[in-house]
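The data blocks that follow each hold one structure.
Common to both upcoming complexes is subunit A, partnered first by subunit B, then by subunit C.
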Partner chain A sequence: MSEICEVIVDGEIHEAKEGSLLIDLLIEEGVKIPYFCYHESLGADGNCRMCMVGIKGEKRPQIACDTLIKKDMEVFSNTDVIKKVRTDILELELLNHPVDCPICDQAGECSLQDFYMDYGLHESKVEIEDKVKNSKHVDLGSSVVLDQERCVLCARCTRFTTEITHTNELGIVGRGDSAKVTTMPGRELSNPYAMNVVDLCPVGALTSKDFRFSQRVWLLETHNSICHGCAKGCNIYIDHNKLKYKDDVIYRFRPRKNLEVNGHFICDEGRLSYKDVQENRQEFSTFNHIEVEQDIAISKFKNFLEQHHKNIHILIDANLYTEEIEAILEFAKSIKAEVFSPLEVYTDEGFADDMLKCSNRASNYKTIENLNISTENPNNSELIINFNHPQNFESLMQIDFCTHKSDTNSLVFAIAAFTENEGSLTNVDGITQQTQKAVKKNNPQPSIIEWLTRIDL
Partner chain B sequence: MSFTFNQDDLNKIKELKTRYPSPDALCLPCLWMAQTKEGYISIDAIDAISEQIGLAPMQIYGVVTFYTMFHLQKPDRLQVDVCKTLSCKLCGSDEILKHLKSKDVYVNHVECLGSCGTAPMMQIKDKNYENLTNEKVDAILEELL
Partner chain C sequence: MNMNTCVSGITSHSVKTTARPRNSLMDKLYLPAITGGVKVTFKHFFTNLKDINAMDTMQYPQEQPTDISSRYRGLHRLTHREDNSIACVACFMCSTACPSNCIFIEATERLDNIDEKMPQSFFIDTLECIFCGYCVEACPCDAIRMDTGIFSLTGNKREDFVMDKDTLLSHKGAYGEESSCAK
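Our next item is the complex of A and B:
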């Protein structure tokens, strides 16, 4: 069955595996095809009927999501008949839809909106008063809000809780016009991956309580990155925006598809971790909590180094990018310092599960291991230079490089967070991935590499 | 949990399980058992059924809401099911429905009850009342209320 065969789509020849889903081929080849209920992670359900295509030899149009590829199949996706069929089905999908796009958070990334522009553009035959009214903001729990009127009943969310998380919180109740998505009375949507239903929802029915009403999606700038919540290294999009006269702010993390690492999803804790990245940041170099100029900070740094010649210990955070870790090792060699990265502090057994969450909360600990950096605690330190490691150890003198405010009375250099910098990380399975620099702050903090160049011993 | 199946029920469920390839198929028989017992289907009953057949409570809840014959609340009045499908409609079920709505009964407009030859019809406590007229309805209700 898995032989490669030729399929003709709109007169063009494509190659595909025999027995694979036709819709996968169409999506992959960029053939315009509308669909709501199909999702790569959930498979075919065949309930929305939007993905109709013509197939030579078949009497009626067929749904592409439930059609298996056969040898010498000939598919038509843009004939007049198919366009008419899609328009008619779309009209049914929109029958009870409130068309409240101006106040809908999904506007701009809504399948229904896109398909209406492609296939709809019809006048509604239903008066607004005749549309079925439903609840507009049901708080399902786990920061997910449901608008039952906007729902097209594609059942992606219910299939997610049934097939992916196996928690079965969501279901469709009622029948016909009164059918709607909901939870059991008195029960909540509650699982560590619940907010993925917001991304799965093709329309504005499920929105994130955390993100809704905060930004219009077309204003957001998107960059590829890697979640720093644990060693799994889930691929994410960072959606951020710099408003006029304001600073560049991250509004949300979204999962980015990578079948090798995280599939299509991320955990809620990782998704909401964008807040921790931005809050309570170290914004200036300080000494004993008092702000100091960059030049003074650097001269103090050199001063401290001159005062101490032995037992200089360097601590490395296992969340730093590989490039940064290598630069620190180089620097350590030049000042004859010993390097440590105690990893025990990152272990969190309670966080782990068998989906994506990993008990090691350091996103680049594999690199620490690969570079043979000591994971012991430093002992008898005279001077500790701490590159953002969360632990503090006893020493006569300490210099910190911090992304977030620290309460030590030491010399502190503010450094860029992972979102303001780029580099590579190696995840728990040994896969090395690259991030993009996303956020450009008004008052950008230098990265560790930039600091080390400026200090230039 | 306030709802429990007694030993007889459990034996019956066990017997039914042997008839079907998957215990999921017992959803409807179990719901009928629960409804016959209590007159309605409580959330506790759904949980109890879920325990017996391994289907998630939400899926059972979806089934309950799909069928007009199942009730999630205890009926506070006499419940009358009036057929809303074609034959009854053509033979005047609309008028019967209107008449019933003026009475002190809970009227449930349901899908075909399979008595098309004797339309219009209604069902009260699993008993069919057929070839209805307004006068007949009055007489039946007088007897029952």
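Our next item is the complex of A and C:
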């Protein structure tokens, strides 16, 4: 079955596995093909009928998502007949659509908009007043809002709850014009991966309550990153922007496809963790909670190092990038300090599940283990230099490098968060991944590496 | 350095040099030109002296212009719906189309069951605005218009020129169409 065979698409020869889905080949080869219901993670459903193609030898157009590749198949994707068929099906999909793009969060990343520009451009035959009316604001739970009027009934969301999370909250009830997505009476959409339905929805029917109305998507800038919520290292997009006269702000995290790590999804907790990254940040160097100039902070740092020679202990956060950890180890060697990274504080058994969530909440703990850094607690410390580790241990003197505000009466250096910096992380399965620098603050905090070069012993 | 080559790489072969016209004796005297100028001045002086109403200049601001048409792009306003509520749905089309990025909108949920979305705040910095009218063109809801007929704007400080939502809503249309015509 899985022999490689040749397929002709619009006169061009492509190679594909015999028996695989035709739509996968078309998407992979960049052949323009519209579809709503098909999704790589959910498989073929064949209900939207948008992905019609002509196949030599077949009487009528066929849907590409449910057609298996056969040897010497000849496919036509842009003949006049196919275009006409797609236009007509799109017109049917849009028949009861409320055309409320101005207030729809999906505008700008909406399949309906894209396909209308490609295949539609028709006047609606139904007046706005005659369109079927439905609920426009159904709070499904888990921060997901449903607009039943915008829905094209592709069933991606219902299939997600059936096939991926196995929680079966969503279903389609009714027939014809009255068919709509809904939950069982009294039941809510509640599973730790629920917000993925917002990304899955090809139109604006399912929107995130968290992101709702906060920004138009075409104004956002996107960078690739890795979620720091647990050791799984799910691939994400950081959507952020810097408005005129404002600071750079993150508006949302979205899952980024990586079949080796997280597939197509991320958990809701990771998705919403963008808030913690930017709230309550340490924005300048402080000593006993009073702001100090950078030069003074550095000279104080050197003074402390001169005062304490014995038992200098360095704590490393297991969420730091590998490059940063290596720079700290180098620094520790130069001041003859011992390095610790107690990992127990990151363990959260209640968080783990059998999908993506991992009980170790430190995104780079593998590197700590690989570099043989001690995971014991430091003892009899005179001076502790804490690089963003969440725990505090007893010592005569402490110096902190913090992304977020801390309440220790110590010398604190403000450092860049993972979104404002780039580096690599090794996840729980040993896969090393790279992130991009996304956020560029008006008042950027130096990274640990920059601080260590500035301190320059 | 090669004389034929200048910094920008243009050679003297490709440049056509034309002789500068020399001033004639008449030009050098200047008197005929001065007489010509004075003639124009006095022509206007005597015409205006005969009939003050025939004067070409307008005594602004005592006198106001009367030739501002409905197509004139004056100060912006935010329109209302038929039910007197705000027509804007904060779709950001105007601020996206704006070439000088002078429209600042923050959207919020609308809870009065008329619509779902409305602007929480809506500012136009008229000092940055170039009055091109793209915002009016872009608006899908006929919510922003420039038909107020207001052509002059004064203030004592920069902040006076930043129009907020309430000010923009308070501006009236000068040409009869009061509420939004969007369906």
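Please note the rule applied: the second predicted complex is superposed on the first by the 457 of 457 C-alpha atoms of A that agree within 3 Å, B and C clash if a C-alpha of one lies under 4 Å from a C-alpha of the other, contacts with A are read in each partner's own complex, and residues count from 1 in each chain.
To be clear about the criterion, a contact is a pair of C-beta atoms (placed from the backbone, for glycine too) under 8 Å apart; a residue touches a chain by one contact, two chains touch by 3 or more.
Everything numeric in this text was worked out from a predicted model, so none of it was measured.
Colleague: Do subunit B and subunit C fit side by side on subunit A in the superposed arrangement, or is it a clash?
Modeller: fit
Colleague: After lining up the shared chain so the two structures overlap, which partner does A:H137 touch, if you call subunit B first and subunit C second: first, second, both or neither?
Modeller: second
Colleague: Once both structures are overlaid, what angle do subunit B and subunit C make about subunit A, taking C-alpha centres and a multiple of 10 degrees?
Modeller: Value: 100 degrees, nearest 10.
Colleague: One more residue to check, A:K84. First (subunit B), second (subunit C), both or neither?
Modeller: neither
Colleague: First (subunit B), second (subunit C), both or neither: which does A:V173 touch?
Modeller: First partner only, subunit B.
Colleague: Looking at A:T162, would you say it contacts subunit B, subunit C, both, or neither? Reply first, second, both or neither.
Modeller: So A:T162 only meets subunit B here.
Colleague: Pick one for A:G186: touches subunit B only (first), subunit C only (second), both, or neither.
Modeller: first
Colleague: After lining up the shared chain so the two structures overlap, which partner does A:P102 touch, if you call subunit B first and subunit C second: first, second, both or neither?
Modeller: second
Colleague: Under the stated touch criterion, which partner chain does A:K56 make contact with: subunit B (first), subunit C (second), both, or neither?
Modeller: neither
Colleague: Enter the shortest inter-chain Cα distance between subunit B and subunit C once the structures share a common frame, rounded to whole Å.
Modeller: Across the overlay, subunit B reaches subunit C at a minimum of 28 Å between C-alpha atoms.
Colleague: Which subunit A residues come up in both lists, the one for subunit B and the one for subunit C?
Modeller: none
Colleague: Quick check on the complex: what are the subunit A residues that touch subunit B?
Modeller: Listed in rising order, the residues of subunit A that touch subunit B are 162, 168-175, 183-186.
Colleague: What does subunit C use to touch subunit A in their complex?
Modeller: Contact set of subunit C toward subunit A: 89-93, 96, 101, 104, 107-109, 115-117, 140-141, 183.
Colleague: For a test of understanding, state which residues of subunit A touch subunit C in their complex under the given definition.
Modeller: 100-103, 107, 128, 136-137, 212-214, 216, 218-219, 243-244
Colleague: If we count contacts the way the header does, which residues on subunit B are in touch with subunit A in the complex?
Modeller: Within the complex, subunit B touches subunit A at residues 43, 46, 56-59, 61-62, 65-66.
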